[in-house]
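Order of writing sets the labels: A, B, C, D, E and F. Residues in every chain begin at 1.
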Amino acid sequence: MFYHVKELQYDAKPSQPDPVYAKKLQEILGGQYGEMSVMMQYLFQGWNCRAEGKYRDMILDIATEEIAHVEMIATMIAQLLDGAPVHDQEQGAKDPAVEAVLGGMNPQHAIVNGLGAQPNDSVGYPWTARYTIASGNLLADFRANLNAESQGRLQVCRLYEMTTDPGVRDMLSFLIARDTMHQNQWMAAIEELEQTQGAIVPSTFNQEFEKQEVSYSFMNFSEGEESKTGRWANGPTLDGQANFEYIQNPKAMGQKPQLQPGPKFIHGTPP
Amino acid sequence: MFYHVKELQYDAKPSQPDPVYAKKLQEILGGQYGEMSVMMQYLFQGWNCRAEGKYRDMILDIATEEIAHVEMIATMIAQLLDGAPVHDQEQGAKDPAVEAVLGGMNPQHAIVNGLGAQPNDSVGYPWTARYTIASGNLLADFRANLNAESQGRLQVCRLYEMTTDPGVRDMLSFLIARDTMHQNQWMAAIEELEQTQGAIVPSTFNQEFEKQEVSYSFMNFSEGEESKTGRWANGPTLDGQANFEYIQNPKAMGQKPQLQPGPKFIHGTPP
Amino acid sequence: MFYHVKELQYDAKPSQPDPVYAKKLQEILGGQYGEMSVMMQYLFQGWNCRAEGKYRDMILDIATEEIAHVEMIATMIAQLLDGAPVHDQEQGAKDPAVEAVLGGMNPQHAIVNGLGAQPNDSVGYPWTARYTIASGNLLADFRANLNAESQGRLQVCRLYEMTTDPGVRDMLSFLIARDTMHQNQWMAAIEELEQTQGAIVPSTFNQEFEKQEVSYSFMNFSEGEESKTGRWANGPTLDGQANFEYIQNPKAMGQKPQLQPGPKFIHGTPP
Amino acid sequence: MFYHVKELQYDAKPSQPDPVYAKKLQEILGGQYGEMSVMMQYLFQGWNCRAEGKYRDMILDIATEEIAHVEMIATMIAQLLDGAPVHDQEQGAKDPAVEAVLGGMNPQHAIVNGLGAQPNDSVGYPWTARYTIASGNLLADFRANLNAESQGRLQVCRLYEMTTDPGVRDMLSFLIARDTMHQNQWMAAIEELEQTQGAIVPSTFNQEFEKQEVSYSFMNFSEGEESKTGRWANGPTLDGQANFEYIQNPKAMGQKPQLQPGPKFIHGTPP
Amino acid sequence: MFYHVKELQYDAKPSQPDPVYAKKLQEILGGQYGEMSVMMQYLFQGWNCRAEGKYRDMILDIATEEIAHVEMIATMIAQLLDGAPVHDQEQGAKDPAVEAVLGGMNPQHAIVNGLGAQPNDSVGYPWTARYTIASGNLLADFRANLNAESQGRLQVCRLYEMTTDPGVRDMLSFLIARDTMHQNQWMAAIEELEQTQGAIVPSTFNQEFEKQEVSYSFMNFSEGEESKTGRWANGPTLDGQANFEYIQNPKAMGQKPQLQPGPKFIHGTPP
Amino acid sequence: MFYHVKELQYDAKPSQPDPVYAKKLQEILGGQYGEMSVMMQYLFQGWNCRAEGKYRDMILDIATEEIAHVEMIATMIAQLLDGAPVHDQEQGAKDPAVEAVLGGMNPQHAIVNGLGAQPNDSVGYPWTARYTIASGNLLADFRANLNAESQGRLQVCRLYEMTTDPGVRDMLSFLIARDTMHQNQWMAAIEELEQTQGAIVPSTFNQEFEKQEVSYSFMNFSEGEESKTGRWANGPTLDGQANFEYIQNPKAMGQKPQLQPGPKFIHGTPP
């Protein structure tokens, strides 16, 4: 169960309206790697958690914080939309600068949301649950989380570069710092799990049942062998089980497929 | 540019038809973490790659292999659908066993695809490009790739447990082995990049501009302190810059939001 | 079965082309609360109607009118797109005013639709059937309809404010008037149903089977008690069964969840 | 900002596993009118709220409660999935009863989520933000909310009829009761707003600018006149401004559309 | 503008309920090539039509018929759902035959639609406007229409084979006949346009501006030359301008791509 | 299985950056009729092919070429994005020309993709597998393919008109030429199949089972009879079986639908 307090986790106070920037900021609210994604991903990982208690508690701690991040950005967007020039004064004499703002705005911010934030990304695409994963395997999921915090911090940093508004930058500097923490946090949790389980997900699958002759081979399927010089083609594998092998000319090992004709009632192409 | 050879990378020969399993197998073909996702993700990462040549070559090597994985699974599904009991012989006397098969099949396998594979997941949801990321930052993207190979191998292992068909298991054992390699590969590439760039994405953002007092704090937003005992709350942070700090009662640091009334032409709720 | 007449229900004649406005107008054609939504929602409610005949007839009357509204707006958009400056005359000397128009247009209006309307909203997101509901319970559905006509009229009014073209405003004034009628219509139908069925949907569920001690309690889950002063926390409930009660400090009434470890073949995190 | 407590708002304890029912229960978790929809709809309405303080507080009170409802149902689903028969013991001798369970389950519950809940509906379609609205006009939005609580209670009642498990029914009886309250709550809030603003959304649009001769006419666009006998065609309109009028044979009032040929560079059909 | 008559275009009377078949039948109602697709595709093509009047009239004739087809199938589905066994009588003694029906049904037919049709396909995926095209070039669009009627008739024939209910088959026999006509109709319209415009869409693009040396070459990008024996590699091209040429070993004609490093503020991988 | 070579199939070298055009060019990369659609459509048609070998080989030849087309356009887009003005130098003095570029760009090109291509269309909508079809009936599918190449060439021609950059036009002239070939190719394959199978898909359905009295009738469902003068209403039908008939006043042939009341446990509107 949850409780709400009225104060934001950190200030969300723009120095001035900027409806074009409001459109861009939607990316980290409702985009693929926005705050709604981590919020919902962590909530479901926590609620589904079947592992020991410290994991569930930790995941729900951060999940609960992420709701507050969505709240901050939504609040910021609503204020950036104040004064958007969406009311047409008169036909004719149009100011190119105003027209450029109108062209750069998300029209739904005015028409649909009445100058409020929306749960969508920077091109207006709605947030979808397919952005998230809760697999029941924490090592897999913590890698998803580390990726999400990496893509997320990258996007916030790019947005930081795209404005000079000190109020917006102040809020972003907070989000960037929290993403620094959250990358550290998931790396720490991953390290802990890898030490007990091993590095390959899932660690519980009996490796005798995999086709082990191709478990450590880098296959060069494209012309040119620059790929031979990377860490992934040399030295011990990261799971500590073998050494990387470089296959210069990988060969097909399977059959030439030949499908049977379909039955008559399927009305495929007749033989 | 690409060339195709007719043989599959590895055998895809079921021992007998199984249209219900064909539906399940769609998950690793066209699902969120299926082969189509890694194929398209790696292709776009390779084509967009602005880093040194060995990365582009390596990414396109694996991308090209993934197209062959999609091909193998599609071929397997088409054969598993042979003999699906979709032709209604007569109204009335229905065999519960046959009805259970019909209930467990994807009806589109017959109606839409004429007993062929489809680019969808195990509930028939179509593959979407929002499953993929190519951010221009390789460390971020390699974490996405490591996650994809972790979720992917987990799903293939689960599917391995859900059948006893030796032909299907043979193909899955190959895919599981390649996922072992690919997890190792991305871990190796990540290690290489972290050593030169540092562990926090993006490494090029000036850390002075982030709100550093919250960069290393674990915040306990949920009741109970089990989360205090994890690696994420104790010892040096993984980026080597500080020590984790545990905040027992995190406090709001921001304003109580109060939005201005909207302008008249927006026709929001009147004040 | 349906018949078509060539004349529009009302004039759709813009005074001059305006391709940027054409993009915005798509919202009320193919948006969440656009005319396609009410058209399809009412058609399915009518076709599925199991209640007495006057409801089916009424619903199909308005459904049929809505097809004509889609037609009017599509016709308007095609004309607003006449003369869109999408042909690049020469590299170099670009007019900022023209560029602003190009930036503000939907590029698909030219590339995909050849200066025609599309069944999408103002950010180009395609109309989807998940915008609609036909539940088989008319009181529930008429509330959906009243909401749709309320959101719809709000959006048309906002679009009215965003243009000064007298031809466009003339058509919008017709749509606004019809939405006035349709809000009245659904309120009237709701009033009729509530009088015979009661106000709570579904009225046929035996209220003894609901946890009645929380059926009339407003729970204050957020800090601060401004919410105490509203009608929803004072006086008789709207279904006439009780009085509103205000719970200042709502408490958890449920268990602390503890999930069992998953079975081995699921390959979740090992205990 | 938010805080989490570990106890659920109400018990979520099934009497026994039922993976087929788990699939169905997803509808009220991640469906069009599930708890995720009201949770996100109310959160955004609260964050965007520009009206007086009691509304914002009230909306966030209920939004915060809804997060707890999502939590309860997710917890219930995870438990219903315990013991799902997804591990294939041996090829051949299949039990029709077990096969029927497998056919009726959502395969992703095992393959993707490892026996956990997912943020999707009962056919596996992912939750999308287009299910929600926050328009900036509270009367419009409260009608959306009343509709959501009506559709939602209807669906929970139907799910109540589809099980006899006393633990599941106990939880549903709580949710049904809260939906009774929430329907009452939104009706109360609507009543309050209608009394000050009038019944037509938006109330601030100058009615002189709408085409008033069609503002109160019911138009009979389908054969047969059963629709004449409803409240929507007789007596005073619900906004108190006029009387309903019934138009037996509505006529087209607009032009016969004739579009100009497209410009040459569009490569439409040549004239 | 449109009018509705109450009689269906053709009888839709099942001989008995069949909720599993109702799920399958959704494919031709709300699927990619279902009746909603042709209805909306033809309506938009008609409304956007800038060509001579006989085309617009013809397109709207068939569009209007398609609304009636949607109506017939929706009516059929609602009747097939009568008597669906969705009410759980008692826990425990489950009949495998009934369970198979429940497993094969779409759960939303009961939970969401109250035993009515829904605007979705046979796996419950909602109809989306991206299924349709109205390009402004009639030859292109008539090819889309011919494809839609071909895929559509194929699916209806498959559904015909999947039932033995004489009432359902009677309705399908009508739809199959209309699809015969509609394939003929679009072929006739295509023939007419090809005779005046030529066969390549768009016919108005100056062929001097295309890279003509590759305009008639079949390129053998896959191992093996079975493809050499088809009509597409031999004889005159269908546009009558040249002869097909078979390129046994197509060579890359382009550059080896090398992208510039990104600017610093993009925070891509550092060089 | 596939191999990659580093050279592009044809040059993709813009003369100068143009981030606004990059957004538009996305349409033919990840749009409904972009290169990703034909690539995936042909791959699945080839993999699922149950017909004689020359078809499978031919389909996979062209499928493999299409991957190279996606590669060329992705490479072009990445270069067009070089130098995009997304870094905000200072608040205040904004250049309208630069602002127009920013308004016309896709913000995700910078925020999400770091100046790289994305698998989306020109409004940022992600590519989805529902754009493709592989039905198992080659005549049906080749009509889908002819349509795709027709819509595709039309869109490329429109994009050709929207730029004057000689490098971009050079690449487009290659794609236009290949689409000329591919339209010819599918027309040739269709001609071959129609000669052996007949023109109506599927040709294997016994025509006695269709309602033959409406198999060749054009029905005039809209007012006005301009549609009478087309080829579709006069002369022999294209399948050579009959003559077209024109029905001036098509009549309803079906029942007036009357649905039974729903069962009590569905909680629909009470009778």
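Operating definition for what follows: contacts are C-beta pairs under 8 Å (C-beta built on N, C-alpha and C of every residue); 3 or more make two chains touch, one makes a residue touch a chain.
None of these values were measured; they are calculated from a predicted model.
K.L.:
Would you mind naming the chains that touch chain D and likewise touch chain E?
P.N.:
Chains in contact with chain D as well as chain E: A, B, C, F.
K.L.:
To reach chain D from chain B by way of touching chains, what is the minimum number of steps?
P.N.:
1
K.L.:
For the sequence-identical pair chain C and chain E, determine the rotation angle of the Cα superposition and round it to the nearest 5 degrees.
P.N.:
It works out to 180 degrees.
K.L.:
Quick one: report the Å distance separating chain A from chain B, using the average Cα coordinate of each chain.
P.N.:
Chain centroid spacing, chain A to chain B, equals 11 Å.
K.L.:
Counting in whole Å, what is the centre-to-centre distance of chain B and chain E, each centre being its mean C-alpha position?
P.N.:
Inter-chain centre distance comes to 29 Å.
K.L.:
Between chain B and chain C, tell me the centre distance in angstrom, where each centre is the average of that chain's C-alpha atoms.
P.N.:
Between these chains, centre-to-centre, one finds 33 Å.
K.L.:
Could you check chain E for residues that touch two or more other chains and list them?
P.N.:
Residues 1-9, 32-33, 47-48, 50, 55, 57, 60-61, 64, 75, 78, 86-87, 96, 99-100, 102-104, 110, 112, 114-115, 123-126, 128, 130, 133, 135-137, 139, 154, 157-158, 161, 202, 205, 221-222, 224, 252, 254, 257, 259-260, 262, 265-268 of chain E each touch two or more of the other chains.
K.L.:
Which bits of chain D are touching chain A when the two form their complex?
P.N.:
1-5, 7-9, 30, 36, 40, 43-44, 47-48, 50, 60-61, 63-64, 67-68, 70-71, 74-75, 78, 112-120, 126-130, 132-137
K.L.:
For chain E, which residues are in contact with chain A within the complex?
P.N.:
Answer in residue numbers: 154, 157-158, 161, 265-267.
K.L.:
Applying the document's contact rule, which stretches of chain F touch chain A when the two form their complex?
P.N.:
Residue list for chain F touching chain A: 1-6, 47-52, 55, 86-91, 94, 96, 99-100, 102-104, 106-108, 110-112, 114, 123-126, 135-139, 193, 197, 202-205.
K.L.:
In their shared complex, at which residues does chain A touch chain B?
P.N.:
For chain A paired with chain B, touching residues are 5-13, 32-33, 53-58, 60-62, 64-65, 68, 72, 75, 78-79, 82-83, 86-87, 110, 114-115, 125, 128, 130-131, 133, 135, 137, 139-140, 143-144, 146-147, 150-151, 153-154, 157, 160, 169-170, 173-174, 176-178, 180-181, 183-189, 191-192, 199-202, 205, 207, 209-222, 224-227, 229-232, 237-239, 244, 250, 252-257, 259-260, 262-263, 265-268.
K.L.:
For a test of understanding, state which residues of chain A touch chain F in their complex under the given definition.
P.N.:
15-16, 20, 23-24, 27, 31-33, 96-97, 99-104, 121-125, 154-155, 158-159, 161-165, 221-224, 252, 254, 257, 259-262, 264, 266-271
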